[in-house]
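Beneath this line is the structure, given in structure tokens, with notes to follow.
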Amino acid sequence: MREWSGFSYIVTNLARFVRPREITFSGVNSALPMLACLVAKQAYDFDFTYINVAGGVDPRPSKVPISSSDPVLAEGSRSIFSNEDFYDLCTRGQMDLCYLGAAQVDGLGRTNVSVIGDWHAPKVRLPGGGGGAVMLPTAKRAVTWRTEHSIRTLVETLDFITASGGMHGVVTPIAVFMKREGRLVLSSWHPAASLDEVRARTGFAFEADGAEPTAPPTEAEAAALSKLDADGDFERDAAIKLR
Amino acid sequence: MASHSSKIIPLTELAALVADGSSLALGGSFLHRGPFALVRELIRQGRKDLEVVKQSPGYDIDILCRAGALARARAGIVAMEGNFGLAPWYRKAVERGEIRLEEHACATLTAGLRASAFGVPFMPCGGIHGSDLPGLNGWKQIEDPYGTGESVYAIPKITPDFAVIMANEVSEEGDVRVYGTSHWDRIMSRSAKRVLVVAEKLAPSTSFREQPELTMIPHFLVEAISVVENGAWPGSCWPHYEVDYPAVEAYMKDGPAVLKQHLDSAPEAREAAHA
Amino acid sequence: MREWSGFSYIVTNLARFVRPREITFSGVNSALPMLACLVAKQAYDFDFTYINVAGGVDPRPSKVPISSSDPVLAEGSRSIFSNEDFYDLCTRGQMDLCYLGAAQVDGLGRTNVSVIGDWHAPKVRLPGGGGGAVMLPTAKRAVTWRTEHSIRTLVETLDFITASGGMHGVVTPIAVFMKREGRLVLSSWHPAASLDEVRARTGFAFEADGAEPTAPPTEAEAAALSKLDADGDFERDAAIKLR
Amino acid sequence: MASHSSKIIPLTELAALVADGSSLALGGSFLHRGPFALVRELIRQGRKDLEVVKQSPGYDIDILCRAGALARARAGIVAMEGNFGLAPWYRKAVERGEIRLEEHACATLTAGLRASAFGVPFMPCGGIHGSDLPGLNGWKQIEDPYGTGESVYAIPKITPDFAVIMANEVSEEGDVRVYGTSHWDRIMSRSAKRVLVVAEKLAPSTSFREQPELTMIPHFLVEAISVVENGAWPGSCWPHYEVDYPAVEAYMKDGPAVLKQHLDSAPEAREAAHA
């Protein structure tokens, strides 16, 4: 195999958070989690419910859309689960796993998606948290991802705390973190990286007991992603570099 | 027994109902099923000081910022999406302090709309604990008066002046049908003072009688409707059409003439030119 | 015309509360208001929105059902306005007129639909208020009716206050009351009755300035009700006596 | 990719999921589209100490009282309706103190269910002022923390153990469709811990794929379903059938054998006798 690309690394490791019989959600601005859910549906030999922000419930999309909120993600659904519905599902504690975006993540697994600089005098106004502030503390497990692994994105101190709470895992092009006793702990690193590299490129301190190189994609995982991104458009658009 | 009169009016008249300074709950999400023809018509008519209330605005809020028509926004997440990233004119407007943003989580905005729809002054909302948003917005915590020890954030009522919905199909009398997800359109239609609709198609009233369960908004909640083919352009209106990505790409270009070119190339403008 | 029956008197006077362009609601256990709304649709030359507890919105029922919550009351509707929806409409102040049942009514227009006797040791357990406690204070106008006009039903003191608030009118087989400055005031009496009779049969004191015999049914009102109750079943079932 | 297994089970097994002492949010209203076959099966199986949570119960609560299966009720309005007046066995059970009633307005019960569905400990509810109900139930008023001076009643969360819905059509996977009004079924299905369904008909999954907007409850919220033809008898299940008034009249008669005769003449009992 060629070097495991950052794109495939993130999608595959996001997919690995999906568990049998659970309800898993992907939202807006979330092409990688959308692909991860579709990979999981193809690659894993268990049943789970995939709901998404387009109202889809276990959809059979005729293609993979560029926009992760595209109505094509509801094609073939037997029901429409609307926005109010999936938020309520989450706040009442029935959402097993949801993927939420982040610009900055700190060592407690809190996220900033609001602003770089001071909120009232922003250097960069970011999109805003969307589901985060409500879903992160109320989902059973929340997972985020960053396409850049650096001390700018994995920080000691957030510029603003958009959301705080039940972060379960963080995936970057070179590492997978999981939360343990309230802090992010390194779970595994990209086979082409190293523990030292992860430490050097991470802004917060973390434990790494038991961490090891991430298991490479299974045949089924690799095949599912190849099929979903047959032309390589998503990989090209995502433009994720290991370094 | 009197008969219902039609609620269908031209787009120019629909836009004329919206005064300067109005707050608008805009239906849809990002590039999908937004009432974009009306948003553009408000710009053409020179509307000022508008407020956008929407969980996930994108193109709509960006073009209003670009045209200098926006003063305030309450939003959960703002982006062009579909690989276009941030909404650049919105971003600049916030960074330069040209618009006042009230930053929400999508569900807190929904909670505020629910308070309005349910006729109560505030609405408890799950989550939010540990976020900086309550401090920013002055949201209060209320302890459960029934002694569970649980504390919950109360979101104040949000009552937009208008909900503006992009419908797939409407009846002449004003009934509104959408296909696929309703996004937050339903709660918007129940929380705003007045409901305006841009509709892709006029459908026979009999088709509404045959499947009344599909009607999202009953006629009596709707004030006026314009039927505008491709009214959600350059966004999608499933199952009629998908996002026009080249058009969005053209819009994203900087330059003095781009906005006017974009407005002029919109379906409702070309339709008007032919009329 | 024969003597104006108590049945027709109540239905007709309930119908007369309907106003042009308004939203009017009839609920469960409400055969007379249901008939009143249907009479108003037929008899009056103005447009109004009739919604009901069966989800109907300006329905075209194929027949008049015995049950006022029968799904036939949604036949021909172009939309379904569900229970949550019409309650919300009311609490947010957009319900113009709704009809709410009562077992006892007092001089302030408050109602008891809960119990005869002590709530905790009931002599008769009644149905309960349904919409009352929430709709009476939040509807723009609420109207109730009693098929028996007596000091048992129109009382000085309610056994229990189920609902209190915006009562606008009360119709009995022999009288129409309207609320003025917080108290029920006699508006008109059945042409076959008299002010003295109404006073004698009413448990609370009331003003009657300007009250007069009720205007008889118009041709259109009478024709509409005859058509709706062609076989006289509703009139027979209601078994309403003037005295 | 694993395949979904069927959620269809026999009525006897559906009823067996409900333990003594369970609280049941029962769908429908009065004589219309109630899951009455399951209610009867609970009686046949000798269930005790049940609670009914329903805005407008009638036949269901009455027959449970008649059979001695009910201990508690939260309800807004109770009647047989359709000219049958009060629900007599319910009335007697309350008057004799055999069941504990928590009297609601329909909307306060909905507010309690909404609190559960929205994951918050209480829900503000409009109206109620001046009623004796808050005093009776210990409902607290909360002042708007945002200084409008408005006070609103907070209704505590109500989380039934089960929502039991009578559906027109279901898919084998568990999707639920109803025609006409949904009554309070939607909020019941979102507030209860578990959702059980009695369905008039099994419909092809493809029909759900064609109009997913019509699905009231998605499969993943549903635990199990029984398909019972005429399952809402003696009530209506529009558009399939209307109220069986003679059957209700027969039920209303007093006498030692009437309940058993009624139970034995129910469609699910006659079906079982043939099996």
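Chains: A, B, C and D, in written order; residue numbering restarts at 1 for each.
Heads up, the rule we're going with is that a residue touches a chain if its C-beta (ideal position, glycine included) is under 8 Å from a C-beta of that chain, and two chains touch if they have at least 3 such contacts.
For clarity, every value in this text was computed on a predicted model and none was experimentally measured.
**Student:** Just to be sure I understand the contacts, which chains border both subunit D and subunit C?
**Tutor:** Correct list: B.
**Student:** Can you check which chain pair, A-D or A-B, has more C-beta pairs in contact?
**Tutor:** Between the two chain pairs, A-B has more contacting C-beta pairs.
**Student:** Name the chain whose C-alpha centroid is most distant from the C-alpha centroid of subunit B.
**Tutor:** Relative to subunit B, the chain whose C-alpha centre sits farthest away is C.
**Student:** If you average the CA atoms of subunit B and of subunit C, how far apart do the two points sit, in angstrom?
**Tutor:** The mean C-alpha positions of subunit B and subunit C differ by 40 Å.
**Student:** Approximately how many whole Å separate the CA-defined centres of subunit A and subunit B?
**Tutor:** Computed value for the inter-centroid distance: 28 Å.
**Student:** Rounded to the nearest whole Å, what is the centre-to-centre distance of subunit B and subunit D, using the mean of the C-alpha atoms as each centre?
**Tutor:** Centres of subunit B and subunit D (C-alpha means) sit 36 Å apart.
**Student:** Send over the residues of subunit D in touch with two or more other chains.
**Tutor:** Those would be 118-120, 125-126, 180, 212-213.
**Student:** Where does subunit A touch two or more other chains at once, residue-wise?
**Tutor:** Residues 55, 74, 80-81, 90-92, 138 of subunit A touch two or more partner chains.
**Student:** Considering every pair of chains, which are in touch?
**Tutor:** Every touching chain pair, ordered by label, is A-B, A-D, B-C, B-D, C-D.
**Student:** Within their complex, state which residues of subunit C touch subunit D.
**Tutor:** Within the complex, subunit C contacts subunit D at residues 28-29, 31, 53-56, 66-72, 74, 80-84, 87, 90-92, 110, 113-114, 119, 122-138, 160-165, 237.
**Student:** Of all residues in subunit B, which touch subunit D in the complex?
**Tutor:** Per the touch definition, subunit B meets subunit D at residues 115, 118-126, 140, 142, 144-146, 148, 150, 152, 154, 156, 178-180, 211-214.
**Student:** Which stretch or stretches of subunit B touch subunit A in the complex?
**Tutor:** My answer: residues 29-33, 55-56, 75-79, 81-83, 86, 90-91, 94-95, 101, 103-108, 110, 125-133, 136, 180-184, 186-187, 236, 238-239, 242-243, 245.
**Student:** Quick check: in the complex, which residue numbers of subunit A touch subunit D?
**Tutor:** By the definition above, subunit A touches subunit D via 23, 41-42, 44-47, 49, 51, 55, 57, 74, 76-81, 85, 88-93, 138.
**Student:** Going by the contact rule at the top, pick out the subunit D residues touching subunit A in the complex.
**Tutor:** Residue positions touching the partner: 1-4, 116-120, 171, 173, 175, 190, 205, 208-209, 212-213, 215, 217-220.
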